[in-house]
Structures are given as structure tokens and as C-alpha cells.
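Both of the next two complexes hold subunit A, though its partner changes from subunit B to subunit C.
For the complex of A and B:
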């Protein structure tokens, strides 16, 4: 089975800085592969290995994603090739635009048997992209998938839902969004890191996909700021354990809790 | 935008549908439209949706065996295209996310996910939700119609059932989907052991705990405080020491207890976002620089293996004194 796995390259949300006025800055954040996408890449590689197929990673973003360190990082994790859609219009794309771009790229790539996605992007975590791409392609599209088993011309999958695990047989081609439980990502070996530089990379713009100028925004982001913090007392007790415990118990008592 | 100012709501979960109806009433108050509930299940549930505050119900019927909730996407799409509501609020379960995403793709709009709050700035609808792992609150204004949003359980408080409420109930025909998946099996999970969202006190174990067996210490402290046991995500999803319904975090349980006591919890924002509404926050951690201390009312810097047993003794001593 040939697999296309989509991954998002974006500023690491762990690097966000909160300015004194409460606004958020990502200026100093390092661009990384989304943490939830690593499991999807690994699942794609394993699926292709089990079925003697190929894996291509697909990503879309502004100029910062067209970076050799990031490209090597993606390619050192087992895929055969990388396709990137690079365009400044993608710097603040909503899911509808992202999904249109990824679906367009998948069509231009000639399709695949399976398109895989992580459970959500590390920075926004809307948990929507895979579902919207699959629907735009007209493929069976499912989320919360914690297990995939290839069959003759279908996939046997398990969906990890709130009250049940649903076992489904899905015809191909299919778009599957996987959970973090699906597998453990391998650590890139030295060999894979060295080979990464040799693997084919294709770069397209929105114009190459015939999508230039069709990026009418579906939403306007009015503000991004730190959530209001409840003012906390921040009383610190640094005594030896016995004394600290007594002090804490006294405070709990004053709060009406003990 | 459409002339129809109605707010539609959909969830396969009855309780969540009730919550959405309440939230939709707030929106409909501004738009001047009706609240319409899309109901999947026995016809009585359509009546219940009206009793919970819906002005009308569109009854989709009971899915036949092997038919998934998600198979109703074409039916919902047809209704939306025909009746053109202002907005559709969908309960944020995994199935709800799937329905929302697929509808958005067909309607060429996007989804406002996990909305915490809606407000109107004049005519313009605004929705707040968290991004950056809980580190930031983003306010978005939809520019395209209809507005699709997902809303998690616990965001809105359902209205009381009022059996005297009247509302039209219209049956809707199922539109067969273009593609089908075959449901081979449904492994129903055992019922959850705890509803953390309802807990009045919580003792939360973090990665400071070295071994699974040490949970016994947490359980003892919880018992002496009359608290539920919870944990941060790694102890549930990674280590599997506790079931997933016990982990507090952005993608886990959200709690609003009188007391949250974190033991060996570092206080990463993806975790604390799930407990920031607690009345009193207490933390025990050996690292004086752990971020939790900035988010706590009372913090003990010390080794949990010494502090927790001492705290259990101190609390017991006070209780014994109190009962004399």
C-alpha cells in the first residue's frame, strides 16, 4: 500500500513567550515537526513496510518550512520522499485552506492507497485536518484510530472512542487520523539521517496546485493572548517535612478543608 | 450571511445535546432565531430536546444496526443546504469532531473547535478557544456561513426539563452515504470508575512518583482528605498506572474542586489548564522552580516521600482532635 502521511511543521508551542501586556510571541520558537505527527509518520512507515509499499511525507506551510534541517528530520524517519507546498498564504491558513491545499497536493501526487494524519497539530490541536482532507478527496475518512491492520484491499481499524472501541473495515483509498497510541515513533538512526539528504524532495506553490488567489479566509483571528490566570496566594513552605506538613495542615484547616 | 438566524445543535450524546441547547439559547437571543435540535435516537428524545429548551426538533430517527453516527453526514448536509441555519453547534466527542469536519469540507467553511465562550460584538459573532497546548486563548470571528463549531461537555449548563414546553418535531429521511465502512465489532468499555468533573476534592499524582506501587501513598492522602485520585497525562496514557478518565489536562478531565493537591506534579500548562478553576491549589514538589508553584496557593518544596506521610499524620491528628 502506498501511503501519504501529512505532517505539520510549526513553531514549538512549548517555546511561547507571554509578553507583559498578555500578548503571545512565537518569535523565538523553534520550528519543529508536530509531536502528534511523529506517530502518524511511524504508522505510515510500518504500514508501507508490511505491504511492500512506499511512504511520502506531505507538508504545507510558509517559507520557514523549506529548511534543510526540517526536511532531513522528516526524511530520517523512514519515508521514501517528501513533498512540500510552500507559500506565504499558508502562514495563517485556517483548516479549510490547509485541507484544500493538502487534498490538491494529494491529487497532484497521483493519490495513494492511504492518507495518514496525526490526531492534531501540536500548536493548534483543532483535530480537524485529516477529516477535512479526506472529505474533500471524497475518501472514507475516520478519526481516533488507534490500530490499523492492512487487508487485501481494505484496512481493519480500531477507533478509540469515549465509551467503546469500534472495529471497522474501511475500503481503500482512505484518510485515517491516528491517535498517539497507534505506535511508538522510532529514533532516527545515523544511517537514516545520512540517507535523508539523498531522498527526493518536491516543492510546490499554491499556483502549482491551481489554488492561488482562492484563499478567502473563513475566519478572522481577533486576538491571541495568555488566558486569565486566577490570582494565587503563592505561599511557599520550605521547612523540613514534619514542620512543613504541620504548616500546610494548618493552612488547609483555615481554608475549611480539614 | 443567510437570512435564517436559527441556531442548530447536534450531539449523539443526549446529555451533551441538552448542554448545547442551553448554549444555543444564548446565541439565539442575539440573532433572534430559533433553537433547533437535531436528534438521533428514539422519538421521545426529540420531545426531551424541546423540554430542555429547543424551539423545534428535527428527528433523524434511530440508526439501524451497523449504521454509524457518521453515516448521517449526508442527511445533515442536505438539511443544512435546504434550511440554511446561522450556526450549528456540535458536541465535541470524537464522532462529533468527525461530523463537524466532514460537514465543513462539504460546505467549504472551517470549524471553530472546542469553543469555551461565544459573544457578540454588535452583529459579529466571536468564539474563544485555547491553542498552544492551553497556553493561549484565541478569539476568532467566522466570516463564512454557516458557522460550524464544536463544544465540549461541561461548557454550558443544561436547562431544567420543562415538560410543558411546546415545539415542532419533524421527522427527517435518512440520506444514504456514498461510502460505507463495515462495523465489525463494538467493544463497550466498562463504565468509568469516577466522574472527576464532579469531584469536590482531588489529589493528583504526577511524574514525581517513582513507582506504580507508590500510588498507595496518594490513595491514603486522598482518603484522609475525602478526595478523588487523579493524575497527569503521562501516568494514564503513557505508563498506564491509572485509567484515562483519571487524568487531568487539556485533552483529559477538567475539574473545578474546592481543593486540588498535586503531588510530584510539575505544573505544565497542558495539565494545569484542566484544574485552574480550583478554589484552593496546593502543590508538593521537590523542585523549587517547578511551574506549579506559581499556580498554587500553598506550595511545599520538599521530598513527597517524606512530606506526604507527615501530612497524612498531621491531618489525622487534627481530625482526631476535632472529634473529641
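For the complex of A and C:
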């Protein structure tokens, strides 16, 4: 099967710095592959391996994504090729704009049997992009998929719902968003890392997709603020065990915790 | 001057860290240490990830890698799973000895097995009367037709009881100059006549060390590694990289201990404030960090020199000397900062403290490192 897996590259959440006014700085953050997309990449590679197929990883974003180390990181995890849409207009892209770009890129790539997505992006986690891309392409579109089994011209998939497991047969091509428990991502070996630098990479702009000035974000972000940190009270209760327990219970009750 | 790693090295280190989180978490390492058990499962995971094949040619199932990359692997292993760093470091010398001096048959059998997760080949040099004076060894090798018969006793032969092979050093007593009468042999550990007795140690509990009794052990003559009576220069050829690898693992152990101590200094409250607010603690933290920085610079400079085929005769000895001492000082300071908690078996710092102490003895004592570096430095000063 010809599989396209869409992965979002975003600033590493561990590198986010909160400024004194509560605003967030991403200036020194290293960009990494979204943690939810690692499972999608692994699921795509396994699907391709099971069907003697090919995987292309597709990503879109501002200039930070066009980074040599990130490209090697993506390609060392099993995909055969990488397509990137790099454009500064994507710096504050919402799900509608991202979906328009990804759908445009998939069309330009000549389509695929399956497009896979992670369950959400690591930074915004709207869980909408995969669904919107599928809708734009007019493909059967599903999310919350926890198992994929390739069949002749279709996929047998499982959706893990709260009280039931739904089993569906989906005709191809299809757009599928997978959950994090679908599989455990492989860790690249040195050999795979070395080979990654030799795999094909294609870089497009919005103009290459005919989308320059055509697609725009529909949502404006007004501000991003870190929740206010409350200093720890550091209350030390020094008393006999029974009295200390009563004092502790009183504190917890006062805070509405018990 | 470039102090950075390549993108490939950074990605490898990141991948290795994730692997260690999955396959060698602290809880498992503590459990194995308490049970004095070799980390077979994490070791196999390293093999499956291609780590054990680094530096071994592709035709034997490995991946070519430079010394800087292997140093980075040793440091990363040392930081997150020190016993694996020790085992990996110990394996490097025997891999290189077999690669440089072994027959094609040996390479195919032994190196392929090592890349797939066999415990490293043990190195049989030290004897009860031959420690730092390694050339005073007395184990013998006598020819009998197509076979060779070994007799003698080896001491502090790490991993011998669980390895598939020992790289055994013997000496022909008829040759007056001991350095010209030593030979290197590949001996299967299941050969009849070999007996192993485990040595009880202060640390390295997951890395067993043995006394080896050798009585009329027979192997084919073709098990000679390299040339007859050329074992000493063959042995010396790769000691430098072993010492670098052990140093790198020790730096990693010191970094791990430092992280524990620094986190504790921020979190532990005494007299109404985190203990890190006290200058006495801050000074210790800075001293530890300076030593770690110096150690890292030293090991990567030696690795860089070796990758550029520059001689490191006295440099490697000075590096090993400094790192063995500084890494222990850092782990000792970490234990001090952790107070009572540092001396309990609940925290990994005590394990690093016990394990790192051996680095001033194993792989060449501090005193031997002085002996190697001192004459070289004075010779240079005479020019």
C-alpha cells in the first residue's frame, strides 16, 4: 500500500519558557516531531511493511521545520521519503489552513491508498486536522483508530470506544487518525540514522500547491498565557500522630479536597 | 574548533536514551544490582538496537562508527545505566583485538555473536602474582600436535564465567624478555579444564568477576590470535581505547549522580528554604559541574585525537587518571548532598559511588597511569 503519514513538527514542550508576564517564549525551543505523530509514523511503516508498500511522511510549517536534523529524525523512523510544505504563512496556521495545505500536497503527490494522522498535534491538540483532510479529499474518514489490518483493497480497523470496540471495514483510499496505543514507535538505529540522510526530500511552498493567498487561518489567536503558578504553602504539621492527622484533615477539608 | 556533535550523533544519543528508559529503567537496574545479576535483557535490547554492533564492520552484523560516537554511547550508557556502560566499555578492547588480529573465522563467529548480544569476550591477563606488572604472567601454552594445552590461573577476569570466550594471555618462560614471549588465544569458556570462581566485590554487582583455574585446557592451534609471542604489543594496541571508554562511562555516572544531587538541592527544604539556597550547597554543585565539564572536554578531546590518528600515549593515561578521580569525587559529593538518603540503597547515587570507585583501580590503576604519563612528559621536556 502507498501510505502517506502526516506529522506535525512543533517546539519541544520541555523547552517552553514562561516569561514574568505569563507569556510564553518559544525562541530557544528545539523543534521536534509531535509525540502523538510518532505512533502514526510507526503504524504507517508497519502497514507498508505488511503490504510491501511505501511510506511518505508529509509535514507543513514555517522555516523551522526545514531543519536537517528533523528531516533525518523523521526519515530514520522508517518512511521512504519526505515531503515538506514550508511557508511562513503556516507559522500561525489553524486546523483549517493546515488541512487545506496537507490535502493540496496529497493531491499533488498523486494521492495514496491511506493517509494516516496522529490523534492530535503536540502543541494545539485540536484533533481535527486528519478529519478535515479526509473531508477535503472526499475519502472515508475515521478517528480514534487503535488497530489497522490491511485487506484486499480495504482496511479492517478497530475503534476503541468507551464501552465497546467497533470493528469496521473501510474502502480505500481512506484518511485515518490513530490513537497513541495503536503501537509503540521504534527507535532508530545508527544505520537507519545514517541512511536517513540519503532518502529523498521534496520541499514545496504554498505557491507550489497553488494555495498562495488562497488559504488563510480562520481563527485568530489573541494571546497565549501560562496558568498562574501559586507558590507552595509549605505547611509543616508537627504534632502527635492523631492530632497531626486531624489538623491535616482540617486543612484538606478547608481546601475542598476531602 | 567545533565542540558540537553531528546531527547523527545527537539522534543516536536521543534514541539510546529512549531505549534505556524503556529497557533499563532505574527500578530494573536497582533490582538487578540487589540480585547481583547480569543485565541480560537490557543487553539484548542494546544488541537489537544496533548499539552493540557499533564499530564492528557490516559484514559481521555491525555498523561502522568513529571513536567519538562510541565515546558518546559510553557516556550515555554510563549516565542512565552505568553497568551497561561498564560492560560495553570492557567489550571494546576485545572486539578491537579480534578485529585487528583475529582470523576471518574468529571474526565471523565471535564478532557476529557480540553484535547480536553475546556478553563481551573476557580478557584474561591478570594473575595472582601479575597485576599492574601484567607481563609477569605465568599461564603456559604448550603445543601438542594440532592442539595447544593451557595451564595456569587468572585473577580478576571480569565476565569470564558468563562469556562465550576468553582472550587468554600466556607466556613462554623460555624467552627471557617477557614482552617477547606473550601470546594471545581465543579460548571457549566451555572448554574442559576451565573452572570459574566468582570474586565478591564492593561494587560492579551486575558485572561478575572471576578467578579462573586453567588445567590442561585444549584448543586447536588455529585459536592463536595474531602472531605467536606478539601478544604483548597486540594487547597494548587497544588499551588506550578501553581506558577512554571506561572514562566516558565514568563521566556519565558522575553526571547521573550530579543530576540527582542538583534536583535534591532544589527540592529538599531545611530551615524553611530549599538547601540549594545555601551557599555551601551551591559551591558544591558548581564544583561538581566544573569537574563534569572538564571530564567531558577531556574524553572528547582524546576521542577526537584518536579519530584523527594522533598518538595519545600519555594523554589517554592523564585523562583516565583525572576522570577516575574526578568522577568519584563528584559521586561522593552527590552522596554528601543527599545526606542520609544518599547512603541508603533507595537512591542510585550509592550504586554509582560503589561502582565508580573501581575506576581508580581497574583498566590500569592511578599509579600506573602516572607511570605511563610521567616518563613521556619528561621525555618531551628534554627535547
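Points worth noting:
The rule is simple: the second predicted complex is superposed on the first by the 229 of 258 C-alpha atoms of A that agree within 3 Å, B and C clash if a C-alpha of one lies under 4 Å from a C-alpha of the other, contacts with A are read in each partner's own complex, and residues count from 1 in each chain.
Assume a residue touches a chain if its C-beta (ideal position, glycine included) is under 8 Å from a C-beta of that chain, and two chains touch if they have at least 3 such contacts.
Fair warning: this is a prediction, and the values are worked out from it, not measured in the lab.
Look at A:69: by the touch rule set out above, it reaches subunit C but stays clear of subunit B. Residue contacts after overlaying the shared chain place A:149 against neither subunit B nor subunit C. Of the two partners, subunit B and subunit C, it is B that touches more residues of subunit A. Of the two partner chains, subunit B is the only one that A:14 touches; subunit C does not reach it.
Applying the stated contact rule after C-alpha superposition, one finds that A:234 touches each of subunit B and subunit C.
By the touch criterion defined above, A:190 reaches subunit C but does not reach subunit B. Of the two partner chains placed by superposition, A:88 touches none, neither subunit B nor subunit C.
In the superposed pair of complexes, A:212 makes contact with neither subunit B nor subunit C. Residue overlap on subunit A between the subunit B contacts of one complex and the subunit C contacts of the other covers 234.
Per the touch definition, subunit A reaches subunit B in the complex via residues 13-14, 16, 18, 24, 94-96, 99, 122-128, 130-136, 138-144, 156, 159-171, 180-181, 216-230, 232-242, 244-246, 248-249, 251-253, 255, 257-258.
Note for the complex: subunit C touches subunit A at residues 7-8, 10-12, 15-16, 18-19, 22, 49-51, 54, 63, 65, 69, 269, 272.
On the side of subunit A, the complex with subunit C involves touching residues 68-69, 72-73, 76, 187-191, 193-194, 197, 234.
For subunit B in complex with subunit A, the residues that touch the partner chain are 68, 70, 93-95, 97-98, 100-102, 104-106, 108-114, 126, 130-144, 178-179, 181-189, 201, 225, 237, 250-251, 258-259, 273, 276-277, 280-282, 288, 293-303, 306-307, 310-311, 313-315, 317-319.
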